[in-house]
Structures are given as structure tokens and as C-alpha cells.
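Think of it as A, B, C and D in the order they're written, each chain with its own count starting at 1.
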């Protein structure tokens, strides 16, 4: 058996039901650009899951692309986007937001999470700044649910942020690259209908959550993003065979598969987290989703690497390394059993 | 039997060998972003097919995305791209090139083809213009092989354009969205090694040529596109599961599948073209690849629509419509037989 | 006496009243960025001249900068600007509009003028195009009054264009780099109040019309350009000592100076045009403003160059050159007398 | 007598020798775009002052415009610019750098100054980051001399930064909006030739230093900025009557005027600083140039405002305000005498 691998949550293909469906319809002739019955059905299922019957749903391909396209659509040219310093758009998108002409207004955050208070401080500083018209106006807020650090906004926290945004008339956008692992967490208090109610735009991640690729952008009030189709095209984000995305989201939103996949992955991650704690390996901090972070002495790192593939996440000081274990929809009970067995022997 | 459909060449999924491979490796754990053994093998096969052992190959997702990313990488901020007025970047990419800050210097073209003479005229006009530093400098040439109109550059024509570009020190880039249907044409004189020898960058289209999606950018001299990986990421064009693209191009470049698929599609298109001629339906002009254009009186259009799904391509005058029949790698002998049979009855 | 020079209309400094005023207030301490009483007074005079009491007026520095800033402010990211092929933004701004992310939708024009019919054709083509969402949406119309070729839109023509734009809900913007020479033409039928009534935005050119530099952007309905101050700053177009612009436009809009300067320059240009005709030198076409174009055999060009500095404007065929004579607010009766005298001797 | 005013250093017009010259040549006919003998002479004087005979000099209009244009010219599309968090480009240019597609990589700084160590940390973090190709590559360093806080880089500090940049092959660019006040400081150790030797590009500020407006960009090695003229035009930064800038810089670089103006302004600022100290008003920190910062209790602010116009600069805590006194080339001995007299009475 190969070393159990937990490097990332985008290492496997797709849920078997997706491949089966692709196989089944491979030679059907289907119209392009997402304007087909398969996409229509998938969108309808997402609307139902979000309890947002009037929502627009758009299928894009990947996270950076989705973030750049949505943010460009939401902002005026003179506006920037508030994000956590650790937000994906702030540090791991190669300047895609700036390529579109917008500044990322990065805010220090704890464990990846923004707070309504921190956002309000930015807005108030802007409002009170006599030279504000010489600066970038905050035009929207970007959050990730779960965050890049595996943490979750509670319903209370998200509500506070949403209320603030609405009071200040700026858009709230949530990056749900790992949303299944948020929805599937025992600690989660934010449902899809909550997301649809509280966010102006959010996306339901497929790439890391059971699809080959794909992200479903949900726009509860379609008037918020006029001509979004053209903006998608202009960003090079329009898939010719849009039905490939429709097939995938249709499968994920049939019989609650999306949440089921998330739930099982989180269950396995929590098993790993518990095993590390039991073993006395300090956690960086406790997380409720599919990413587990522990802190090990540098000299211990090779011992971990010998038994499992994990992800290097950074350092806490000169002698300690943060390791990440990410489970996914494809992680098996056996893989985690094996990891725990190997950890026990360390 | 449904009406035989020839609306476009991106209506079906992928060659069965691709789906089979995806099925086979679905639960293998594979590293992200195209830095995996499957992509490496696919790239090696493409290098071999191009007889370009030193080339870089990058896998992107779709045509507009690829064009915007490559053009942005090739041009300086003060340069524009010469293209045929009918070039895809000039009219059907929703301003993606301008979104990246560059002007498309559109040149009238015949049947979609630029000529070395027309390009030289643009360059000379620029050189002779005393106010040229107040204008956009032509920094590269964009062509499509085959063109958007199904026509082909001959080896002689492409060589002339390439020599001109090199003499004037500007890049030559070829959009090969339908390259299989060029390579598979009985009239074709430009091989993949010719493309690699004559172009600075070109892409081998997958989306329309047997893949689910994907385009393979070939850079014969990798020094031409430094940090292209980051540029891809910045454009939102980096697929997390890059191996999905590797699998597809590996299959297409195994046992000459890519050219075989192209050849069969063109054979079927030429059967349609011959049938139309025989039937006395005037062609818009004769094409050697997978797109066939005929001109019918407006009042005849419903009769064509009744027997087959085709593509509306525009008008030649107030009373005549251009119809397009596009075959693809998935078009069957039977479908074309049926179309011909129905045409006979018109 | 030096050869009389008519190369361009931006060769001299400013009307003496401007320099006198600059001298007078040189050591006054005045607040920055145009938020000072001098600018306020100048804006008020412009509003009065335009009979647009609710208008916003913004002072920018030069034409290309003004065009890029206004167009960026008027368009959504997915829109382009309709312009004559010969429009300044289409050919002599080094891609400044594309740098801001927008396509110039160039339309063939006669003597520099667009027509409502030509604009309507673009809009209708867009509306009828089934693939329009894959193309750049026309979002505004750019015209120049007078045009780059010295021609003028009549009130009837401008009204037709304005009505069309309003019916189609797109903005109309007029580049008035040489507006004084339009207003000062005996053929002119379009007043400043007409401009304010018919355009969404236009600018009153100072650089070529009596100022050292500067253009006054008039926005009859300020709600049309929210946060324009910040957009100006973002474009690097905000002058620290904005009062320098206020001083100049205050002088130009005191006692009708702006129109007076224009009128005299046009009077001199028409004298040149008449002299050329009398002399039998063919005009390229007749113009009613400050630019006169004649067509001379190439072998005659040195004889013209020997007696006067003029502007090379292009060629009509292989053996004929277009020469331009541009007068300005600073052109004197004596200079034109001398030119006519020299022409007579040719 | 009005209250002595020290709000900013761009409140007055220009040194009288400039206005006199403008008056003198007002009706000369001079060619456009800076390609005239006046600009040529001014450039030659700047080259001489910089001991950089091979340098290119370009005249632009204002600081934000200059920064945006130079940075766009120096960076590749995938690169960002390292700057102090308090750098003008990071906070007071309304996102002009991001509008050009580039991220500002903001670094915490003390009193406005970057250190070689802080820059090296950014570069090393980038180099060591395994995901660096997913991030923005640092492509240049932006510093201000003097800084926005009136502090100065010493020759040693600037040399260290320059050596680092050259070792790492990234460009060093210095914003010299207030350079006269650096050169004129008794503490200054960095000469113009040092700037030319150590920076890849820098600009000599005119707007705040004796000119009506204008900044002179110095490019010691012109090959560093190919086609910079077109880039200037594309940014809307090309002044039609470029000679207006030439006149001003010619005057400022005749008989050492530029440094003389700076020296006198700094002398007056240091008098203010000394008076504040003597009076027991705490300084925010001591500065060697034309900006003086003191910290006063909020309840004291109205008393200061009653005697002088100063600039609000921010707060140190909930009960203390930072006030700025900025002198300029136009500040007189009498104004400062009066301020000191009034301070004494506080």
C-alpha cells in the first residue's frame, strides 16, 4: 500500500456518478455555453437547495477565475475589495484581481476570518479620511466559507457581516471553494439558504468537492450582475461545452450528494485531528472542516514525511513547521485508519 | 432518428479512449497544476509530434482564454496584435484582448486569411507614420489555422508570413482551435513540425477536436514566454487538476489519433460539400476542412431547417442566407448519409 | 521675418490675460485639486455659458487623458465605444482606451463625421447578432466637434445622433479639443447650450484654444459620472494646483473670449482657404473651421515648404500629398497676409 | 495679515523666473510633445546636474501620473512593486497602480522608510515560497526621497537598497516629488549624481518645488525603458505643449536654483521645528526636510488652528492629533517669524 496521502483536496477525479453520466451522454449533441437542458436542470436543483427560486446560477471552471470574474463584475473601476490578509485573492491568485484593475484591501484576520468589526473599521477609516477621494473606495467584501485555514463563519458572524454590508451598501461575496466541507461540518450553522439570503454572490465549489472541476456562482438577485455572461466570456471563463459543468453539478445536487461528500470528508479529518491530539502532537489551532493543521519540530518533519504525504503550510517559528492534512470527498476510512496506525508508531 | 445535426463542432463529449482513461485513474492521487507525470508524458508526445524537442507545452482550457493569455504574454503594454477582421479575437471574444490592455489591429481579409502583403502594409504604414509613437505599435500577428471560415494557409503562405514577422522582429501566433481539421485536410501542406518551425507560439485545439475541453499551447522556444505559468494563473487559466488536460492530450497524441479524427471529420464535410454542389446549392466558397458554407435564398431556409440542424452564419445580401454545416470528430458516416438523403429530397 | 507657420494649433502659449492673471496671483496660497474659489468661479461661468446650471465641470489637462478618463467612467467593463475610424481615440492615442480595458468600435466615416445612420447600423447589428453576448456591447458614442478633419456636425446631425443614443440608452460624448473653432465658425449651428442639452458629457478644449493647457469636462447631469473625482485621480489626471486650470478657463469664459478667439482663428483660416482656391490649389475638401487641407502634387511640396511651415497630413494617391494649414487663436492678420503673398508668388 | 499658512507645499504658483520666461516666449511658435529646443536644453542641464550624460529625461505633469507611468513601464504583467505601507502609491493614488494591472506589495516601514533588510525579506520569502508561481513576483522597489513623512534615506541606506536590487535583478525607482527639500537638507548625504548612479529611474519633482507643475523623469540607462514615449502617451501623460515643462525645468536647473529653493524651505521648516521644541510641543518625530510634524492634545487643536493654517495628519491615540507644518520654496522669513511669534503666545 502506498503512503496515505493528504496533500490536498484536489488530487482525485470525480464522484463515480459524474463519470457514469459523462459516459452515458458522450455522443449526445448538446448546445454550447451552458444554454442547455442539463445546465438548466442543475441550476434548478441549486436554486432549490438554496431556497432561492429567483437566483441566477452560472457555472465557471476554477476558483481564481471565478473570483476574478465576479469581483470585476461587482466593482466599479474606482473600487477595491476588502479581504482577509490570508484570503486566496490576497495572496494566491498571482495578482488576478489587480490584473482586472482592482486593489485588494487586505485586513489582518485571525485564523483566516474577517470580523464585522474589522470590516467596519476599514469603512469608517475611509469615511472619516478627508482625502478619501484620493484613495481606493471599499466596494465589496470577500470572505471564504470555509476559510483558507479551514475555519468557519457562524451564522451569527455571517449575519453581522451581511448586515454591515447592506447598511453600508457594499456587496458581500463568499468564496465557497470548499463549501461542501463547511456544510458537512458538525459545527456548521450556515446553510445554503442562509448563504443565499446573506450574500450578494457566492460560489459553490466543485473542483475540491467531488467534481472534476467547476464552480457554481449563485446570484440571488440577478439584477446585481447585469451582462454577467459577457463578463464571463471576456474573462476567458466561458466553457464551450458548458454542459460538462451542468452534468457535474446536477449529480452533486441530486439526493444531497454534495453535503454527504462533505460530511464524510470532515468526519475523516476530525478522526485525524483527534488522533494527533491523542498522540500529543500540538494542533496549530482546532478546525471543524476538512483541513487539519499541526505543529511539529523541524527535526520531526522527516518522520512524518516517511509515513504520509501531507502539505507543508509554513512555520510558526525558527524550529517549528506547520503540517496540513487535507481530506477530501475521496478519502477512505482505510486511508485514515492506516494514517492513524502509522501515527501511533511514530 | 433525430434530424442530423451539424450546428457546431463542440456538441459531443470526447473520444471514448479519453473517458476510459479518466475512469481508470479516477481515484489515483495526482499532484496539481499540470506538474504531474501524465501531463509530462502528454507534453513529450506533443513535442515529438512537432519535432520540437526543446518546446514548452502548456495546457489551457478554452480558446478565448488561451488567446488572451498568450497575447498578453507576448506583447508589451504599448503594443497591439494584428489580426484578420474576421479573426476570433477581433470579433467573438467579448473584448478579452482589450480587457488585457491591448488593441486588436484588424485587417481586412479574404475568406478569413491574412496575407504577408497585408501584414507588411500595416507594418510599413506604422514605420512611415511620423506620428507612430502616438499610435499602437504592431507587436505580433495572430492567425487561425484553419481560419474561422474553414480555409487553410498553405505552407508557402505561412512561410511568407513567418519570414516577414522574423524580419520585422514581431511574434507570430497561430490559433489552432480546429487544427485537427487542418491537419486532416487533403489540401493541407502545413505539418505540426512546420507550425513549430514557423510560429513563435501556437495552440493545438482539443475542445473542438476530440477532447472534452483543452488547448495545448506549444512554445518552440520557451525563452519567448518567461514566467508563463504565473501569467496563466493570473488569467484564471490554471486548472487545479491539470492532469485532466494531460490525459486528454496524451490520448489524442497516441497512435496519431488527433490527425485521424481530423481526417475523418473532413472526409465527411467534403461529402456534404460535394452533395450540396451536386444538388446545385451554391457554396459561399469552397472549403477544405470541416466547415461547409452554402448560400440559400431566405425562403429556402425553413426547408433546410426542417431536415437538419445547421448553423446560421450571416447573409450575403437582402435575400440570401449563409448556412454552415460543421462536422466533427464525432460525426458518423450514417449521419452524413442521412443528410445527403434528405438533401436529395429537398 | 520667419516663414509663416501653420503646423498646428498648439504652438503658442496662452492668451495674455491668462499669463497676467497667473502673474497676479502667483504668491497667493490656494488649496489643491480644483477645490478652490478660482475653479468654482470658472465652473460657474462655464455653466452659465452652457445654460446648464446643474452641470458638473471638471478640469483636466489634455485631450487623450480626458478621453480615456471620461470613457472609462462612462462604460461598463464589457462595453466598447463607437467612434469614427478617424477619431482621435481610434488612431492617435497610443491605445489609451484599450489600456483602460475597452474596445474602440471603429466605424467608417466621411470627412471625420459619424452619422446617426452609421451608429444605428452598429447598434442594430449588435441587437440582431445571435452571438452578441460573445461580442463587445456598444456602450457609448464618441464624436469630435469639430472633427479631426475640421468638419462640423450641424445641429440637425447632432440632434439625430443624440436622439438615437437616448432611444438606445447609450451615452453620447463629444471631444471638443477644438470647440472654439467650431463655435467660431460662420457655418456653425451648434451652441454650447445645444452641446449641454444633447451630449451626456463633452469637453471644452483649452490646450488648442487659448490656454496653456487644459480641458473642461462638462457633465450636464452629474449623476451620470459618480465618483468622477476619484476616477480622475486614478487616471493620474488630477492636477495638484487645479487653480491653474481654473484661472485659464475663467479668463476664456470672461466676456466671451473663448468664442472670440475661435472666430478670429476661423476667419484667418477661411482667408487661407479662399486664397488656395483662388490660386487654383485643389482643396482636399472644404472645411468651415481652423484647419485647411489642400492637395498638391508631390513635386510641388518642397515649393510649399519653402515658403511656409505646414502640416503633412497624408496622401491621396501615389503622386499627391495632403497639406494642412492650421490657424490658432494666436494667428495674426499679418501672418496670413504674408502667407497669401507668398502663395501668390508660387 | 492673514494667518500664516503651512497646509501644503503646492499652494503657490512658480518661481518668478519661470513666469517671466513664459511671458517672454508666449508667442513663439514651438513644436509639440517635448521635442523642442527648450526641452532639449533643460534635459541637458538635468543630465549635467546628475552627471549622467547618457541619461534620458522625460517631462511629465504630476506625481501620481509619473508613478503609474514609470511603474507600468518597468514591470512585466506578472510583477508587482514593493513599497512602504505609507508610500504614496500604496495609499494616496486611488488605485492608479492597480488600474495598470499591478499589485503594490506593501511593506511595514518606519517613518516612511524602507530598509534593504525589509526588502530582502520580501524577496527571500518569495524565493523560498514553493507556491511562488501562484503569487505576484516582486519586480521593482519604489521609494520616496524624501519620504511622505519628510525623512531621508542616507547614502549608505540608499546604496544598500540599490545593491540589493541589482543583486536580485529588480529595478529601483525613487519618487522625488519633494526632492529639492531632500537635496536642500543639512542632513542630506545623497546627491543627484548619487541618485542617477543608484536608481534605475527616479523623478525630480517640480510641482512641489518651484514649478507650476511638472516632474522630470531621469532614466540613467535609456535602454531600461524602451518606447517610453508611447507609454507616456498611452497613459494620457504627454503634454501637447511640452515646452511648458522644458521652460520650468530649465529655470530650476539654471544656477542651482532647484537646490537653493529647497535649502531655504528646509531652513524655514527647521526654524518651525526648533520653535515647537522650544515651546515644549512634542514632535511626532524629528524630520530633516520641509515637513514638520508635532503631536498635540485634541483640545489644543483649535488653538493651533486659530493662529495658523496647518495640515491634519492623523492621530497617535484617542486624545492626540498629529499636525503637519509644510514649508515650500515660497515660504518667507516673515511668515515663519509670524508663526513663531504666534506660537510663543499660545
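In this section, a residue touches a chain if its C-beta (ideal position, glycine included) is under 8 Å from a C-beta of that chain, and two chains touch if they have at least 3 such contacts.
Worth saying up front: this structure is predicted, and the values here are computed from it rather than measured.
Counting the residue numbers used at the interface between chain A and chain B, over half appear in both copies, so the two copies meet with largely the same residues. In this entry, chain C maps onto chain D through a rotation of 180 degrees when their C-alpha atoms are superposed, rounded to the nearest 5. Rounded to whole angstrom, the centroid-to-centroid distance between chain A and chain B, based on C-alpha atoms, equals 34 Å. A straight line joining the Cα centres of chain B and chain C is 42 Å long. Listed for chain B are residues 77-78, 93-95, 99, 101, 133-134, 230-231, 233-234, 238, each touching two or more other chains. For chain B in complex with chain A, the residues that touch the partner chain are 5, 7-8, 10-14, 16, 19, 22-23, 25-32, 61-69, 93-96, 99-100, 207-208, 212-213, 230-231, 233-241, 244, 309, 330. Residues of chain C touching chain A in their complex: 72-73, 76-78, 101, 133-134, 137, 226-227, 229-231, 233-234, 238.
Listed in rising order, the residues of chain D touching chain A in the complex are 77-78, 80, 91-95, 98-99, 101-104, 130-131, 133-136, 312.
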